[in-house]
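Okay, structure first, notes after.
Order as written gives the chain letters A, B, C and D; numbering starts at 1 within each chain.
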Amino acid sequence: MTEIEIGMGKSARRAFGFDEVSILPSRRTRNTADVDLTWQIDAFTFDLPLIASAMDAVVSPSTAIEIGRLGGVGALHLEGLWTRHDDPEPILEELATLSDEKVRTRLTELYASPVRGELVRARLIELRDAGVVVAAAVTPQGAPGLLGDIRAAEPDLLVIQGTVVSAEHVARGDEPLNLKQFVRQLETPVLVGGCASYQAALHLMRTGAAGILVGVGAGQASTTRRVLGLGAGQVTAIADARAARMRHLDETGVYVHVIADGGVHTSGDLAKAIVCGADAVMMGSALAAAAEAPGRGYHWGLPAAHATLPRGGRVRVGTRGSLEEILVGPAVDHDGATNLFGGLRKAMALTGHATLKEMQKAELVVGGGAS
Amino acid sequence: MTEIEIGMGKSARRAFGFDEVSILPSRRTRNTADVDLTWQIDAFTFDLPLIASAMDAVVSPSTAIEIGRLGGVGALHLEGLWTRHDDPEPILEELATLSDEKVRTRLTELYASPVRGELVRARLIELRDAGVVVAAAVTPQGAPGLLGDIRAAEPDLLVIQGTVVSAEHVARGDEPLNLKQFVRQLETPVLVGGCASYQAALHLMRTGAAGILVGVGAGQASTTRRVLGLGAGQVTAIADARAARMRHLDETGVYVHVIADGGVHTSGDLAKAIVCGADAVMMGSALAAAAEAPGRGYHWGLPAAHATLPRGGRVRVGTRGSLEEILVGPAVDHDGATNLFGGLRKAMALTGHATLKEMQKAELVVGGGAS
Amino acid sequence: MTEIEIGMGKSARRAFGFDEVSILPSRRTRNTADVDLTWQIDAFTFDLPLIASAMDAVVSPSTAIEIGRLGGVGALHLEGLWTRHDDPEPILEELATLSDEKVRTRLTELYASPVRGELVRARLIELRDAGVVVAAAVTPQGAPGLLGDIRAAEPDLLVIQGTVVSAEHVARGDEPLNLKQFVRQLETPVLVGGCASYQAALHLMRTGAAGILVGVGAGQASTTRRVLGLGAGQVTAIADARAARMRHLDETGVYVHVIADGGVHTSGDLAKAIVCGADAVMMGSALAAAAEAPGRGYHWGLPAAHATLPRGGRVRVGTRGSLEEILVGPAVDHDGATNLFGGLRKAMALTGHATLKEMQKAELVVGGGAS
Amino acid sequence: MTEIEIGMGKSARRAFGFDEVSILPSRRTRNTADVDLTWQIDAFTFDLPLIASAMDAVVSPSTAIEIGRLGGVGALHLEGLWTRHDDPEPILEELATLSDEKVRTRLTELYASPVRGELVRARLIELRDAGVVVAAAVTPQGAPGLLGDIRAAEPDLLVIQGTVVSAEHVARGDEPLNLKQFVRQLETPVLVGGCASYQAALHLMRTGAAGILVGVGAGQASTTRRVLGLGAGQVTAIADARAARMRHLDETGVYVHVIADGGVHTSGDLAKAIVCGADAVMMGSALAAAAEAPGRGYHWGLPAAHATLPRGGRVRVGTRGSLEEILVGPAVDHDGATNLFGGLRKAMALTGHATLKEMQKAELVVGGGAS
């Protein structure tokens, strides 16, 4: 670790973000047709190493089904609009028409409605019936209360996600979620995060999770950096989690997946995330720009609805193309925002790597600017 | 210290500012309800580690009282409008209506009126009567002349503040303020600054001050960097002062408080200042944006009124919310400018720290950009 | 190599671009009249170390002839509009009038027409008849199919160019281009690229090429960095290729030329490319701004016509002056976009270097900004 | 020297500019009244360490006289408009009214008129008669032809200035200026430059010059960096020249003055230049903004009039105040562009330095941004 003395009484590590690095082609190239993007986790095999973010502007039951059909998986948030309201479609329609001034209060109001168990079960059954891999998401705070419904609906994958999730949550008075105990009492494989350091990643892996989400406030809809001062370059955070994965594998023989969450806006970012060490990528704002996206050109996360300390608002992302065009093309532009996985495939071909695991070995350079 | 050879005949240290660092969450989290923001200095305990800057756009007797009620303390400048004019309110009203072209001359004029001892005493008595901790501020130049009035009014805390204040001021001819002697002949605990290096901080601590202000021209209303070329990254300056605090404590057994002054615009900056080593934070422009602020949407400091070498002008800051909303929420936006201490509390919870002293141990990273 | 640990599980090298470096004058200067810009490769001697990029917006038969007359050489792309269409002039005219929305589809359409062998031969004969050095370009994919026509027309130089070209292309099923075999069965000297690392450069040199093109997506018309995440600072890429040239020379006694391709927009960039180690420079967008340029104020590359993953679009470059003014002056402005080689000559004079080979020894500094 | 490997085949040094550094106050302060800005060179003593750039937009006979009255010295260019035309005032008036398109041609035309010996002598006599120190400037190319007139007029200081001036100019055929011989055959002390490295500075010092100008294309009116790629951070260039001054002093016992030329726009830059090691500063664009400036709100240098390779054009600088306000105040704004030497004096006071030579010992930091 490169420690920098930032003052006589404090040191810090240098961290890097996607914009600061590039992938260096080397002496071998390959045909795109020979590149394999398959991602296997637990008993599941996906054509694309993609989890769509559990955000109401991105994943509704219908987009989760379409994303599944295209080869990835969409995680439906069990504490979002779809489990608080019978019919969220008119609500989503309304949100798209509100002014920036009015939308914050309305979001807080809409997310204050109680989560209803029967809706949790109904939404998951809808996904199950469509034949796609069923992924659901909860917060660490919401998880215990939803345990019964989750067990009843049996999703294929469960995402436990907060701004920062730790294996050691300290609370005086009432008992906090014991992640290790919670993960082990479920049969469903669990993905848990965000985290952003080697130690945090390692301890999350030790809870028995199948995968961890790497990133803290890195998404476009987040203002965690301004509001909380928290952050870590995604490049560094992923590479640290990779080191934790190696150590955990060495200690236990278990390979825990590293899922880059946040900051992936283009196919170039996607390729860089894999090279840093990610097994798969969680994407939100890039998919909120789909024609089918429930956000209708807008994007927001749960923290935007926080009553006293919102960290992010409703962000305008526009519409770039269909989910299919955004994920697997053909591209409708040339700036890397559509045909995301076609771009990844081409990047792998031009650096001579046939699989995601091989692509993790590609070389990176820091800097170099536009020329 | 990381010395960089900037040329064959000169070296320099690398310094860092708030925008260049982020706080790295680690493997532990905590409930916000269990976080304690209490700050103790001398005989006083504050709910919030906050001193509002002794600037006329921020602290009037009434805002000092409101800030005290909310848990912090506001320092009233004894060489500002409130001690030069019987009724500053119409003057503040007038300043808010003047054009940028006219306001500089008018400021110079208004600050040329003499400071009146009876107003000094009356303003401090008004604060005392309101039951809040009474803090007053003077410049090193103005301090000797106001000594009698200060002793008569007995503020709880005295701030001695200039662009750069040193323990060794050299003057030919007339005698300069002997800080050590001045501090020791007062019973009031003294906070003194600005300073920006280990040596300067250490020597200020040795004057017997209860706390030192760290920062040189770092505030939004200052152009010290352009006009004088002086500066130091706040992150580095605070960390250096922390090292001086450790040495002074080791040598004398006395803990002198480090108060970050300047550059704290968001709750994220506030959290970073604590992590760098600050015990408390002095804030100006962030509070000038309060609905109750005397500046009525504008902000300026004493140097803006300098007749021949102004370093800063009247800056438009707008109105973001009430003092209460800005300090303790609820936030009225999501960019970290309101509910400042709610943001600090959340940052401490997400990094697992229960007290300010513990939060000083959190880890920082340099860089990483937005992703 | 300066390795930076970007995270605990991954390292990267620091790379630099033209904008980050400057040439440091030293203790000797020289008259411009005594500076010699001659470039010799194989049996050819050029007054200017320039190859105009094989892009339809830059090189048509007539501009290739004019560039040859001015002392450089223009490479005609054998898979561009001139070998797919009988008369590209009306097509180029049409492209200049289309809106940004319509032009992408039209480009894809126009470049979908088949390459015709008789046009390949006719275009090259036209160049031959004009008495200039004849340079033609192909992609690695297109090369095998055009072998017969290339042999028939016997260009003086052949450029084999793709986004990334490697000496070891892996393909399952059908046989890929064997570069080494292809290069050795031609009598024409071959220039091949792009590449961007020491290893890639070294292996391309070992194919028997007379020169290699250094640069990956560095051109103005490219969005390779956003779409694929690939890149390398041109300064670093050229310096790495220079090291490969030294090793190859040491191993084989053969001097393979390093041609900087992409990112050279001004005469200052041109001078920096030579100092980094380039023997000559390939330029596109700078020449697309010529009054005679076929692009008529626009610039694009072959990747812009890709049907499913375009990497770049039609870029507006405007018109800066005649080809003569742009290459050898007089300058029509003072920003380094015209009289490119006059600027190089002056830079060589002010650093005291008489030949390109000497100029490669000039000193560089990193940083320093505008003052 | 910190060498950075920019690629496997090339290294470079890290260089710094004024914007990248700040002056760190330390533990001592001082009264401004006790600060002494006196600069002594050869037999002359100046109240201000200032040479106004020999540029027609800055120095005319009348502004040279006014600058002399204010304590500095203005260098009149003997190859500018004042020695080519009988009455330049109507010409300067005309230039201020021309459009950007037309002004370049007109400049080239006006500077093509021959330099007339009788005007050279008349202009210098006008300055002599006004009682100020008389400084004249020539280019290395123009110097030999003007030798007779210079000897006749006997200026007090002679500036020999070009973009890059070296002690070893190589020319085939006609004999170049032998700087060493030229300097030694004059009785007038000579200032010579620009240069930007230790070696170049040392060799210029060895010519017998009384001072050297440090800076290559660093001025606001220059585009040397874009056109020629040449440059060096001013901070690094001055610090290198300081090291050369120490060596030369050690070898010969002669103290050669280092004059920072270019990049000084504010009083903060001025203070930084002194701290880096400059004995005095040459300023152009800052003074072109004076109400009395011949450029009438515009600024340009001799290279703007070059017929085939102009490096810089006419730049709009506006009018900030009188020469007196710009140099010694009172300031008419708060951004450091007026009362330049009042700002320097204050910076010296706040860092506790009484003389320029002491100020050269102040500490610098690199970075730290705005907070």
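We adopt the following convention: a contact is a pair of C-beta atoms (placed from the backbone, for glycine too) under 8 Å apart; a residue touches a chain by one contact, two chains touch by 3 or more.
The structure presented is a predicted model; accordingly, all values stated were derived computationally and were not measured.
Taking each chain's centre as the mean of its C-alpha atoms, the one that lies farthest from the centre of chain C is B.
Annotation, chain C versus chain D: rotation angle of 90 degrees from the Cα superposition, expressed as a multiple of 5.
The pairing of chain A with chain B is characterised as different-residue: of all residue numbers used at this interface, under half are used by both copies. Measuring from the averaged C-alpha position of chain A to that of chain C gives a distance of 40 Å. With touch defined as above, residues shared between interfaces to two or more other chains in chain B number as follows: 14, 16, 235-236, 269. Taken as a graph of touching chains, this assembly is arranged as a ring, one closed cycle with exactly two partners per chain. Inter-chain contacts, as defined above, occur between A-B, A-C, B-D, C-D. Across the complex, chain D meets chain B through its residues 1-2, 14, 16, 21-31, 33-34, 198, 235-246, 266-272, 275-277, 329-331, 333-336, 339, 342-343, 346-347, 350-352, 363-371. Interface residues of chain B, counted against chain D in their complex, comprise 4-20, 104, 163-173, 176, 195-197, 199-200, 202-203, 216, 218, 223, 225-236, 262-265, 269, 304, 307-313.
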